[in-house]
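You will see two complexes here that share chain A, one where it goes with chain B and one where it goes with chain C.
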Partner chain A sequence: MSRAAVRLLIRYLLLAGGVILLNFLIPRLLPGDPLHVGAAEGLDSGLPLPATAQAQLRAYYHLDAPLAGQLGAYLGDLARGDLGWSLAANAPVGQLLLDRLPWTLGLLLTALLIAAATGTALGLLAGWAPAGPRDRVLVALTAALAALPEFLIAIGLLLVFAITLRWFPLLGGRTLFVEDRTDLLGRGRSALDIAWHLTLPAAALVLAGTAGFVLIARDVTVGIRQAPWLIVARAKGLSERQIAVRHALPNLALPLLTYFGLRLGAVLGGALVVERVFHVPGLGLLGYEAIRARDYPVLQALFLLSSLGVLLANCGVELLYLRLARRQPALHE
Partner chain B sequence: MSRNLTRRQFLQGAAGLAGAAVLSGCGATGPTPTAIGPTAPPAGPRPVGLLRFAWWTDVGPPTPFQISTTGPGGAVLLSLIFDTLTWKNAQGIIPWLASSWEAAPDGTSYTFHLVEGVHWQDGQPLTADDVKFSFDYYAHHLYRWMPTPMVAAAEVLGPQQVRVRLTRPYAAFLEDIAGTVPLIPRHVWEAVADPAKYQGADATIGSGPFRFVSHDEAAGAYRLVADPVCWRGRPTVAEWRQFTVPPESRVEIVRQGGADVSLSSDASVRDLLAGDPRLRVFETAPLSIVRLVVNPTRPPLDRKEVRQAILYALDRQRIAETVTRGPAIVGSAGVVPPETPWYNPTLKQYPYDPARARALLGGQPLILTLLADASAREPDLLRPMLAAVGITLNVQTVDAATRAQLLTEGTFQLALTTHIGVGGDPDYLRRWYAGEEMNTFAQGSIFHNATYAALGAQQAATLDPTQRRALVFRMQEILAEELPTIVLYHRRFYWVYDPAVFTPAPTAGGLMNGIPFPDNKLTLFGA
Partner chain C sequence: MSEALRLAREGAVWVLAAALVAAAIGAPLLAPYDPGLLAGPPFAPPSPTYLLGTNDVGQDLLSQLLYGVRTSLLVAGSVALLSTLLSWAVGLAAGVSRPAEAVLMPLVELLLALPSLPLYMLTVTLVGPSLPHLVLMLALLSWPAFARVVRSVVITERAAPYVEAARALGATRRHLAWQHLLPATLDVLPTKLILTVRFAIFAEATLAFLGLGDPATISCGTMLSRAFDDPLLFNRPVWPWLVLPPAAAIMALVLTAAWMSRALEARLAPSRRVPGRPRPVDA
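Entry: the complex of A and B
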């Protein structure tokens, strides 16, 4: 491993320590009280918790301790891999996260990969003939999509495809109350059922996420399309498709990788809005519920996971950068 | 002909069904319950294989110590698995696990006679010992929906007889405690030191009509199956499924056949479903209240004239119609909603009268701050109405948890709140202002009035309904004059349901302590 890579890893380890500290502090800066969870959500009513019970719970969760004491307890638990006990869900936080993680990873990674592939291809197409009709249409469409908030796209899809056409289910990640079958046929059906349920949420995320890739790929393509090595490639008699795919596309890698890394880092934070609208039981929905309930242990675990996800993705991208930067001249050939 | 079934129509029809269930005994071998309910049972509901209930949110593990109290859904779900000593039908309190009872003349104790032959869902007999154990256990491990601080002790008088002694006379005991607190089996819980974390399979054993089967926390989904040997008879619904649906989809999922029952607080759902050949809408009594909590210790709201001027300045009819998109039920200044037994119809009225509001303010411009949820639509309607009389309303948008915190601390002028719990026993009129209210949405109410406080204490200890009614009416008169809270309007809930599967049942004052839900478990028992 190069010295630069070691320095990079040390920097990220220090950052991770800072993140852990911030993750401890941020939920405690929120106004409100976790023992007032009854005020947080629900039809109309609240949590009847008398002072004695509140005192018991405060002691149990170290909420009556000074901040330093709470931090010590938190770090000790973290070192043992204990993420705590959810105040609202009455379950171990680690278990809650493990239950929700596959939904978020499945949904967001799929959507991110589709958005990246589609966006890059469209951006390359648009940038290859700038100011032409194809470019204008694609740029206008993607700019419009980029301007639309995720929830609007999600509700629009819900309205058209789930309510009006009824092609897809209204909500959820799978059909509820169906016995899990372990045979091949059962697993296949289960996978299809999940894919059917996640189509609209994934479509919302793809539509909302493609624009960034399109615009970056398009701008970089416009910048390099008259580069000398591409002129040479043309002079060699290569077709435009060959030039675009073999010679231009690799040069989009660095900026697209940066953007992909940023988006990848956000995956572990879940897609709060889309998961909420479609009631996909992922980390985003868990976070939404935890914020409303002031569920500190869950919030801390989610922030930690999300922050470490960003750090991990950024670290990975920077390491790839180091590798790609060494190969950069070769990319032009 | 309208397809919507109103509450009144149900009061005529479904109340009979409830009565049928009450009087049937449902397989209990004990004495016939002391019938306080109706007496003319028509045919019972037809058997249903599956009922699917589209609900608001996950409510946690269904045990009395782990159920979520973020809203009343948890308490209602528990009522399907666990039983209470008393219950309610459309007319009022009825016998349940207690076939009869006697109150001591001074109101400090109640002796309950249990239905004989009742078993827990694991086959163990339910005895007076379990009742005593339940109250003893709740003294140390609270039932979070309804604590029991007024219970001094319970003593077993015989295998089926138990006396509950109170620390003070408490008129609301039969409804708010005996009718709300679930009884738990001693043989399960006596060995459990930390019930909040107990995850044994027997934690959900009750004596109610359904046995708990599974809970999917991620989907907020519950599966219950009928207990074939339930002491009241086999429930007419074989399987109960409840699952979480976001508000945008809650009515649509019933329309698409993905659920059989769901809820809306928007009256326009009646028009939406007016032409639907399959679905009906059940309107509850107006047991939800939308009101401004006033902090009368903060100038200028410490002046009664200012509080009254605010009420005169508000066109509450228009506010209610705009927000609920249905007929308005303008708020009673005495808090207790109309269509409920404790409502005082003779209170001082505050019709929309901006000129009178201006006169009361004496031309003095005022600036007030209102705490409200971001999703609340009322502030936008209040602002111009108050501006017209010279009051500038600044709206501070906060989430529900923050608002509750600020109310608890008393650091506010006005706060908009919406909550249930105003339909049942009227002791909430005392609790709100005595600092004993457990419903967080009703907390933060401030009113320093010695006469009112004395009346509150007196009504809580008065068992005679006529005398108590006079006291509660007087309390409402004081509220209407002094206005420590400004009631904007009373709100109904609209339950969308498939009548082939579900029979909604009105409950006097709402389920348990004022929950306007139609899934009273009485509907599960045929004649």
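Entry: the complex of A and C
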């Protein structure tokens, strides 16, 4: 492993430590008492607890220990994979999150990959003839789409394709009350059913996420359009399409890879919101339910898990970047 | 693009912005009803009495919409001011002093590496959703990106010949910081301000839609959230009046802010748009 890779890993380990510490500190630094829910809104606690019960609860949650002792207990729980107990669902938080994770992850990765691919293609098209009509329309359109909140795009798609045209279902992740069959045909059918339900949520994320990829691919393309090796390719008599795909496209890989990593967190946020519009039973809907129920352990675990996930993915992206960048030392500029 | 067309488009954006600000400021005068009071029957369709109809408990939707725009702009303005001030102070401090840099920059890097929405969901739920809390949280978590920009301006400027000359003439660090480095950072602040306005409208609407809006204040996001809380929303004939006006208002707000930031960027620093360099996409 190269020295750069080691430095990178150390940086990400420190960041992960920072996230774990932040997750510990946030509820303790912000005003409010866990035994006095509603105090922040000036409400009385719904259930006045006797002093002995309060002391018991404080001891149970280690809240009577000094901060260092609390940190020790927290790290110990974390090491055992114990993320706490959901007050609303009366179930371990880790299990709740694990059940919902596949929906969000599937939605997120599908949308991000499609957005990256279409964004790159459109950006290459736009940048090939900068300031032309195609470029102007694409840039204006993508800039407008990038400005809109994801949930608005989702509501727009819902209104057009689910309510007016009725091509797609209104809500949910799958058709309810359909028996799960385990044979090949049944599995295929339920996979199709899920894909049909997730088309609109994914489309909303793709529309919101494509814009950034278009702008970056466009700007890089504009920068290298007159590069010497492209002039040589032209002199060889290659068609414009061959030049664009074979000789210009590979140069977009590195900046787009960086951007892919940067976007992960934002697209995750988009996925969480879009899930609420379409009632996809993923982490976003879980978070929404937790907000309504004031289920702090769930929100805390959601923050911890998504932050660590984004850090891990970014670390992977940067390691990949190091590998690719080493292979082509002379970058365009 | 021809100059006339560009001016016409910029003019249209300014008119739209002025209309939104006028609606926000004049909401108490323009609104036909108190947005919090029950003005009529629930789910009334639009009529001369209720121009946009009423919601599930009979509150007038037009009045709510006007107050919603007011809330959005209020949040956006306060967040933009606070966040700009914070990022400016942090960037300046980190650019001028080594110890400050050692403390602040890791924090900046940590906050930038995190997905922001789960962090907002946690912190706003913990402090309790109210307008001041929302403003404070949005401001406290949105300064890092620009603090980096300010710091890099300071570092670039520190090596500039005129600063070196001042240092050679015996200027103290404090004099350099106040007289030379601070003024150099001023021309990036308007961009940050308008980008944060856009970000805050976007974030307030999103958080309100997730149930994190102030329950006592009406915003376009809480209007939409309330409409979507109703499981029978799309079975009601009046649903377009519950969904479309607040959605259109949010759209007008964020697009106006986005277009204004582009116009501002083009006017302030036409040379800064280097082809090949990625544009800033986020606040």
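Definition applied: the second predicted complex is superposed on the first by the 276 of 333 C-alpha atoms of A that agree within 3 Å, B and C clash if a C-alpha of one lies under 4 Å from a C-alpha of the other, contacts with A are read in each partner's own complex, and residues count from 1 in each chain.
We take it that a contact is a pair of C-beta atoms (placed from the backbone, for glycine too) under 8 Å apart; a residue touches a chain by one contact, two chains touch by 3 or more.
These figures come from a predicted structure and were not determined experimentally.
Once chain A of one complex is fitted onto chain A of the other, the partner contacts of A:276 extend to both chain B and chain C.
Within the superposed three-chain model, A:96 lies in touch with chain B and out of touch with chain C [touch as defined at top]. For chain A, the partner with contacts to more residues, out of chain B and chain C, is C.
Of the two partner chains placed by superposition, only chain B is touched by A:88; chain C is not.
When the two structures are aligned on the shared chain, A:264 is found in touch with chain C, with no touch to chain B. In the overlay built on the shared chain, the residue A:149 is in contact with chain C alone; chain B does not reach it.
Of the two partner chains placed by superposition, only chain C is touched by A:130; chain B is not.
Judged by the touch definition given at the top, the superposed model places A:112 against neither chain B nor chain C.
Once the two complexes are laid over each other on the shared chain, residue contacts for A:19 go to chain C alone; chain B is not touched. By the touch criterion defined above, A:294 reaches both chain B and chain C.
When the two complexes are superposed on chain A, the residues of chain A that touch both chain B and chain C are 31-32, 40-41, 155, 163, 170, 276-277, 292, 294. Chain A makes touch with chain C in their complex at residues 14-15, 18-19, 22, 26-27, 30-32, 40-41, 130, 136, 143-144, 146-152, 155-156, 159, 163, 170, 211-212, 215-216, 219-220, 222-224, 255, 259, 264-266, 268-269, 272-273, 276-277, 287-288, 290-292, 294, 296, 299-300, 302-303, 306-307, 310-311, 314, 333. Against chain B, in their complex, chain A makes its touches with residues 31-33, 36-50, 53, 85, 88-91, 96, 99-100, 103, 155, 158, 162-163, 166, 169-173, 176-177, 276-279, 281, 286, 289, 292-294. For chain B in complex with chain A, the touching residues are 56-58, 60-61, 66, 68-73, 142, 144-147, 149, 196-197, 216-219, 221, 223, 241, 243-246, 248-249, 252-253, 256, 258, 263, 288, 398-406, 408, 418-421, 438-443, 515. In the complex of the two chains, the chain C residues touching chain A come out as 1, 106, 109-110, 113-119, 121-123, 125-128, 130, 133, 198, 202, 205-206, 209-212, 224, 228, 234, 243, 247, 250-251, 254-255, 257-258, 262, 275-279, 281-282.
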